[in-house]
Amino acid sequence: MSTVEKTAPAVSARASGRAIPVSLVLLALASVLMLVDMYLIFMWAPTEAVMGHVQRIFYIHVPMAWLAFTAFGLVFIGSVMYLWKRDTKWDNLASSAAEIGVVFTSLVLITGPIWAKPVWGIWWTWDARLTTTLVLWLIYVGYLMLRAYSPNRSQAALYSAVVGVVGFIDVPIVYFAVNWWRTQHQRLVIGSGTIEGSLHSDMRVTLYFSLLAFSFLFAYLLWQRMSTRRMEDELRAARYQVERETRR
Amino acid sequence: MTALVRPALVLAWKDVMLELRSRDVLISSLVFALLTVVVFNFALDIEARTVDALAPGVLWVAFAFAGVLAMSRAFVIEKDKGSLDGLLLCPVSRDSLYFGKMLSLFLFMAVIEALLLPAFIILFDYSAFTWEMGVAMGLATLGFAIVGTLFSAIAVNTRSREIMLPVLFFPVVAPLIIGAVEVSTGAVGDVVGAMGAGRWLQLMAVFDVVFLFVCPWVFGLVMEE
Amino acid sequence: MNGTSPTYAIKVQGLVKGFGEYPVLNGLDLTLDWGRRLTIFGANGSGKTTLLRLLSTQYRPDGGKIWVGGIERGQSPAAIRGMIGVVAHSPMIYEDLTCEENLRFFGRIFGLKGLGPRIDQVLGQVGLRQRADQRARTLSHGMQKRLAIARAILHDPPILLLDEPESGLDAEALEGLRNVIIGGAERSRTVVMATHNVEVGLAWADEVAVLGDGRIVYRAERHEVNEAHLRGAYLRRVEVAA
């Protein structure tokens, strides 16, 4: 909660323009890297022998999956720190990371079937990684719903921090459970597991570059989302100030 | 230790006494579980040759949904007349509150399961109950109670509390449901897998131990507002 | 009792509390000596309930410090709860239990001995002795409030925190409440009462305060109260020179 004293320095930082260049820098880097990345993915990388052009989704699907999991790691850190320090900035981190994480996870869940159908003939398989990703998605959609349905901001922050902690601790257990479950029933294990080991060096370069590009995109989105939240807090504090003054 | 245990027991006993008066939670959960089983029977058309494979899944879906119903009611009554606030004003630690609620929830779910199991065995002509399945039932129910107490305490404070609890609860307890069904299916003996029942029971026990530490701690933070 | 505030029943310093939008309490200071009765007036939304919930440990402060009964809130909230009795908007009782069973439950949680006679005594004080074996659900709202008061004094706390306790009470129950607060027989309690009702609030108090803009904007001994100033502060929530 911004008290009167906390508002002033934040506003002046904005005014001095110190906060702005970071987002511009990230945007510029992210844009350039993504453009180069698109070129690499669609023009430069060699076509996979068996799967053909569809395989290029792999360069989007995999980095997004890695970043989605990173996002939820950030949610965990933000949640733990918020529970400890009760400083809004940690809640901003957790909630922003959760939103972006849900978006990235949704895209992983969408690009997965798009890739799987032409290649393996099925939209979905309940293999360990896909299923864990789906459960993760459900947990963090629950996180966002909880924030939306909480009676006020501070309770939203507190409750969702709890879910952020519990959810993150739960995910490894879910993974083991689903993994054993699928091994027991010997279902088809699809996905990049079978691919990553046998990557052509050009493909590996493309993959890592793609990871870099998406990382900057992620960083930019996170920074923007957190800035917006911070500005909303400042606006609220300023409005309260104005209301107090006019009441006198 | 007694400072922790005694108030928890008093609290759990109060819940039991209230439940014996109104029989609210037990009847609605039991009826709901029975309905679930019947509907599944229609939906899946379970017959003699498939029953051993499908029946455990049906049973655990019924347990899980009935459990969610029980836990949502557990905290709604506290919220109604503000008695949760009354509890929060007692000179007891939040851990005692948590364990008291968890204990009564566990008892209610255990009773529901104990009543449901014979009905289930009869309806499905199911004959493959083993001790491993019993242990799995205990571990899963304990896990449900541990996680459910925390999440229902949170959900009761939100709008749309009926949907918030299942949304939060089910993804988190997925490993327990998988484990319980696997042990129950494995108990049949026909499916020979690399994982024996023992491994699954260990996983469920790990789940319970981990969350037995995590949940009371965050519960305290939630209640201190 | 720690050395910082051996004489104050309640001490609050720089209290800040908000719910995410803006701070409801913003740097509130307050002290109250043992055995004194303070009435806090304040418009709706001024933070009276929030202040009482902070004192009762139901809320955690965002900033500032609270000492109740000499115990700092951060150190041992459970110990504070043993020293206070709270009457709030909702009765905080179990409807399917009888009056006697309700009190017995809370008594056991509080770890009280000799519950039987004690329960009978407090039920007598609030005028519910005849209804001891009636389920709380069958009681009228006013009677449930009486039961809530009984629950609050069951463990004979030295400090009472009351949030609009007079609402919903008939004349007889009001008299009973007055006896509980102004006491005499048992002991002199320290009382903090939040209310809208200026008449009752003034009549039962030793000291008076008005909450506005997240702080105490008016504070006076009852015999010094300038009614015009009081209403001014209450209605306009402005700082008033004493």
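For clarity, chains are labelled A, B and C in written order, and residue numbers in each chain start from 1.
As a convention for this text, a contact is a pair of C-beta atoms (placed from the backbone, for glycine too) under 8 Å apart; a residue touches a chain by one contact, two chains touch by 3 or more.
The shown structure was predicted, so the numbers you read here are calculated from the model rather than taken from an experiment.
Trainee: Which chain has its C-alpha centroid at the greatest distance from the C-alpha centroid of chain A?
Mentor: Farthest from chain A by mean C-alpha position: C.
Trainee: If you average the Cα atoms of each chain, whose average lands nearest the overall Cα average?
Mentor: Chain nearest the centroid of all protein C-alpha atoms: B.
Trainee: Just curious, how far off is chain C from chain A if you go by their C-alpha centres, in Å?
Mentor: The answer is 47 Å.
Trainee: Can you check how far apart chain B and chain C are, centre to centre, with Cα atoms defining each centre and the answer in Å?
Mentor: Once rounded, the distance between the two centres reads 38 Å.
Trainee: Approximately how many whole Å separate the CA-defined centres of chain A and chain B?
Mentor: Between these chains, centre-to-centre, one finds 32 Å.
Trainee: Which parts of chain A, given as residue numbers and ranges, touch two or more other chains?
Mentor: Each of 155 in chain A touches at least two other chains.
Trainee: Which parts of chain B, given as residue numbers and ranges, touch two or more other chains?
Mentor: Expected reply: 225.
Trainee: Mind listing the chain C positions that touch chain B in their complex?
Mentor: 56-60, 77-79, 81-82, 84, 86, 88-97, 101, 105-106, 108-111, 151
Trainee: Any idea which chain A residues touch chain B in the complex?
Mentor: Touch list, chain A to chain B: 83, 135, 138-139, 141-142, 145-146, 149-151, 155, 158-159, 162-163, 165-167, 169-170, 173-174, 176-178, 180-181, 183-185.
Trainee: Within their complex, state which residues of chain A touch chain C.
Mentor: Checking each residue of chain A against chain C gives 1, 3-4, 86, 152-157, 236-237, 240, 244, 247-248.
Trainee: With touch defined as at the start, can you tell me which chain C residues reach chain A in the complex?
Mentor: Residues 16, 18-23, 26, 62-63, 213, 237-238.
Trainee: Which of the residues in chain B end up touching chain A in this complex?
Mentor: 147, 150, 154, 157-160, 163-164, 167-168, 170-172, 174-175, 178-179, 182, 191, 193-195, 199-200, 203, 206-207, 210-211, 214-215, 218, 221-222, 225
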